[in-house]
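Given below, in the form of structure tokens, are the structures.
Shared between the two complexes below is chain A, which has chain B as its partner in the first and chain C in the second.
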Partner chain A sequence: MLTMNNISKVFQTDEVQTHALRDFHLKVNEGDFISVTGPSGSGKTTFLNIAGLLENFTSGTFMLDDIDISKLNDRGRSKTRNEKIGFIFQSFNLIPDLNLYDNVDVPLRYQGLSSKERKKRIVHHLEMVGLGSRMKHLPSQLSGGQQQRVAIARALATNPRFLLADEPTGNLDTQMAKSVMALLEEINQQGTTIIMVTHDDDLANRATRKIQIKDGRVSELDVVSDRANSKIKATEEAIA
Partner chain B sequence: MFTYYLRLAWISIVKHWGLSLVMITAIGLGIGASMTTVTVNYLMSANPIPHKSSQLYNVQLDSWDVNEPYNDDGSPPEQLTYRDGTYLINAKKAFRQNIQAQANAVIEPEGDDALPFMVTARANSADFFTMFDLPFIYGSGWDDSSDDSKQQVVVLNNETNQRVFGGENSVGKNIKIGGNYFKVVGVIDYWDPKPRFYDISTGAFNDAEEIFVPFSMIAEEKIGRSGNTNCWKPTGDGFQAFLNSECVWLQFWVELPNAEAKEEYMSFLGAYVDQQKALGRFERPLNNRLNNVMEWLEQQQVVTDDAVMMMTMSLMFLLVCLLNTVGLLLAKFIGKAPEIGLRQALGASRRTLFAQYIIESACIGIAGGLLGLVFAWLGLQGIALLYGDMLKGLTGLDTSMIVSAVGLAILTSILAGLYPTWRACNVQPSQQLKSQ
Partner chain C sequence: MQELGLIFRALLRNKVGALLISLQIALTLTIMVNAIFMMQQRSEQMLRPSGLDEANIFYLSNTVFAQDYNQQVYLEDDLALLRQTDGVVDAIQINAIPMSGGGWSMGLQTEAGEDKDSTGVAVYMVDDHAINAMGLELLAGENFSQTDIEWRASSQNNWPAKTIISKAMAESLFPDDWQSALGKTAYINQAEPMQITGIVKALQAPWNGWSGVERSMLVPYKMETTGGRFMIRTEAGRRDELMPIIEKALSESNKGRIIRRVTTMDDTRERSYRGHNAVNKILTSVIAVLTLITGFGIVGLAMFSINRRTKQIGTRRALGATKGQIMSFFMIENLMISSFGVLLGVAGAIGLNIWLVSTFSMAPITPGLILTGVIVLFVVGQIAVLYPAMKAAKISPAIATRTA
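Here is the complex of A and B:
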């Protein structure tokens, strides 16, 4: 569903060229839960921005559901982003002036859905993350974990093909982080592909695939999680 | 999406109410100041009789002193002498012609309790009513025969008819004016052309007169003459001497349906002046003029240079307010860059975001425009207080000016919002999302 071949990203200033990504290859399959690790400045966020069509790449090919991303204009990229990709950010990125209902409504507005359909989806997803009773609350009236749940509801409301999560538990305490991670795992089990950038090895190990970015290059690491093992085992059994 | 954008604009305006108020006030002040002066200029330069202004001509003859021109620019006097005016009216060489002067009179209503009151009057010939399209409620103007036979007839305006006859059809009734009885032949509806083109000499923006009597009533001394009189040599003793003098004090208008008629009338005027030259008058070079209504208003500089200057300055003030609004909107929208980045990540295209923020600018413009109308109204009241009767009738906002004010405010705010919106929509979403 997502294929990157020979992707490179060069940031150019007057005197300095910085290669954020080079010879970057990655194939993401449907249902994957990929964790992305790597030291600071290694290119994780750049990769996530390119995967989320928030940033252009310098060279290479990037196919998303057989769409050549390099050929899309601003409108095409916006539409693709809106319909296929959900974002979860470290700092939640909710709009402070809008209540939870309206926050989840934002991407649905850009899909041009009817009022009835939007309401159905908003209520469903807010109830799914356990915040159905707080739709009229403002983000500032919620805890960090609750805000991240709203962000997840917003990301899922458009029924995206995959979720891009940038340190989704980075601003949460351990308990909240566990709860958010459990929610992401549940979402993945329901079929949504997830790419998650994290610094936390424990969380990274809970993914089904684990990649590391170092100096702008990607390498696939062994999968260590029980969940992944059980998934692999289930797949092998199914094949047998 | 439009209603969604309106809701977002409302939320944003309320959230940043202080900044919004400053912007609305800035636009309001700019619009208020410019609309005040634009309104005055608009009303000053309006065509008071658009359907026939090109067929109505003011007549000027240069009977002035040979040693000194009437005006520094060499143009002849704006008014005519009684001798010239009566000759032209009796000649009847135009399709229609009208001799007129301002007068005033005292009306003495019937009844023991009724008190006399003063009215403004116009002494004019019969064609005045048809040439200038006065609207009649009852009756009509008098005819040429009434002029010729010097009948004591009068046309009242509606207000005077209300006051004297309680608004009923007074045609055929007598009214005592200046001690003489006049027979009412007509009552006109509201008629108040602005500028009052037919007599600039007594104020282009004064109200139209309350009663109209035959011009002959002045010579008959049945009504008191008023208005401007200019003389360049002694008049002699007595009223008859004044009438025969070279003093200019009456206005003369003709209706000429086409260019040919105008040319013929100019020839007639030329022949008349040549004849008078032979009699020792009109010593200055031939300088007859026929100006249609708009030419006449322009020549008489009804829109003063001061008014034009004030309008220019107020439009520059609007520009300053606009630039201030650009700065404030820029600050506001740049402050919203993280939200803009987020909306882009959630699927908003640049075009969508542009629409959202330009609608917010337009909402600020509408609010500024409405506030501007209040300021414009206050400004016009201030001008009315400052100048009093001089600019009476020019200090009202009509529908077109209200629509123009709001339209100008919206246009101004959209213009002010273009650059900030463009800047905001070109933020790099990845940078903004990272910086949150």
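Here is the complex of A and C:
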């Protein structure tokens, strides 16, 4: 569903050229839960921005559901982001002046859905993240974990092809981080592909695939998580 | 338009800035509409025709100082000289000049008696050349004949038997049918009868601020005075050429008087309405400054709002908003703020006008003018927010992933 080949990103100033990504290759399959790790300045955010169509790449090919991303104009990229990608940000990025219902409504309005359809999706996803009774609350009236749940509901409401999560537990305490991670795992088990950037090795190990970015290059690491093992085992049984 | 409800609800949670701009818009509209209305009224006053062939008329004053000056003889000589000058259409002696600010007024009434109402009227003492020399249009009746003209000594109080009045005066005296004024008797000084023998289309009084400025009468008098005026009408385009020639000819023809204050009717009109012009310029400046301040206020609020919401805009872009949708977000937000301000402003404009009407007897404001003010402020608002909105649309969606 997502293939990056020889992607590179060069930031150019008058005097310096900085290679944020070099010959980056990645293939993401349907249902993957990929964790992306790497030290600060390794290119994780650049990768996330490119994968989320938030930023252009310098060279290479990027195909998303058979769409050549390099051929899209700004409008096409916006439309693709809206329809195919759900974002979960480290600092939640909820709109403080809008209540939870309206926050989840924002990307749905860009899809031009009917108000009935929007309402159905908003209620369903807010209930799914356990905040069905707090739809009229403002983000400031919620805890960090609850705000991230709203962000997850917002990301899922558009029925995206995959979720891009940028340090989704980075601003949460351990307990809340666990609960958000459990929610992401649950979502993945229901079939949604997730790419998650994280600094936390424990969380990264819970993904089904783990990639590391170092100096702008990607390498895939062995996966040790129970979920991954059980997934591999299930696949082997199916083959047998 | 997709985010109409979201914008409105977000605005309700950030009322102060929007409310201040709304109030500014309301104040601007209130002042703008009433100021434009006052300017319109002044402009209409300035455009009123005096009834005279202004472009080709000038006048001068004739101040006599010689002790042995025979006014009757010399007046006839002067008029003959003026009327015989090449390029002069006609000339008269006259006691007052329209729009000049100084003149005579009397009361005319249709019935004699102290207890009867009279209508104020400006009095012009002229001879039978007046209609031609002033360029008036006689609508009904006839001009004075030579035999109608009487000499009037400076202390004389009685009035001649005939008068020619302006149409506006005829309408005041005979509101049902102004034409019926012709041949009727009007009374001056409450009881002295004067027969209305002619009606001219227009002839303004000397005072432009007077509510009865259109009401005037011609009285067939030649004045024995030491301080008279001559009004001279020239052939088209020859006024400026003839002014010094005539001044010199009159000065040289009789050394017992001084010829001075040679003035065109154009200058008189300009001087007469100088105050109006000044007020209009001040009001125009006030409107321009207020509109600019409002525009800058909108730009300021929008820029502040965009700087405050940079990450939010990036997030909206990340969630799928196109540049056009970001632009329309701010344009619609401004439209909502402007609409509220305009609503308040319409109420304010009408309220202020009601007060002006009751206090200064001004005419009520027209709905068209209010509509124009509303449209102008909507356009100003949208133009003012255009640059900030374009700036907002350029914010990269990648801002959304920045943690700061």
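Before moving on, here are some points about what is shown:
As a convention for this text, the second predicted complex is superposed on the first by the 240 of 240 C-alpha atoms of A that agree within 3 Å, B and C clash if a C-alpha of one lies under 4 Å from a C-alpha of the other, contacts with A are read in each partner's own complex, and residues count from 1 in each chain.
Throughout what follows, a contact is a pair of C-beta atoms (placed from the backbone, for glycine too) under 8 Å apart; a residue touches a chain by one contact, two chains touch by 3 or more.
Everything numeric in this text was worked out from a predicted model, so none of it was measured.
Taken together in the superposed arrangement on chain A, chain B and chain C clash. In the superposed pair of complexes, A:Pro168 makes contact with neither chain B nor chain C.
Of the two partner chains, neither chain B nor chain C is touched by A:Pro160.
Touch criterion met: A:Asp74 reaches chain B and chain C at once.
By the touch criterion defined above, A:Asn93 lies against chain B and chain C together after alignment on the C-alpha atoms of chain A.
Between chain B and chain C, C touches the greater number of residues of chain A. Shared-chain residue A:Gly38: touches no atom of chain B or chain C.
By the touch criterion defined above, A:Gly216 reaches neither chain B nor chain C. On chain A, the surface patch touched by chain B in one complex and by chain C in the other comprises residues 45, 49, 52, 54-55, 74-75, 78-79, 81-83, 87, 89, 91, 93, 95, 97-98, 106-107, 109-112, 154, 158.
By the touch criterion stated above, chain A contacts chain C in their complex at residues 45, 48-49, 52-55, 74-75, 78-79, 81-83, 87, 89-91, 93, 95-99, 102, 105-107, 109-112, 138, 154, 158, 166-167, 170. Residues of chain C that touch chain A in their complex: 2-3, 5-6, 9-10, 13-14, 311-312, 315-325, 396-398, 400-401, 403.
Taken together, the chain B residues at the contact with chain A in this complex read 1, 4, 11-12, 15, 338-339, 342-352, 428-430, 433-434, 436. Across the interface of their complex, chain B is touched by residues 45, 49, 52, 54-55, 74-75, 78-79, 81-83, 87, 89, 91, 93, 95, 97-98, 106-107, 109-112, 154, 158 of chain A.
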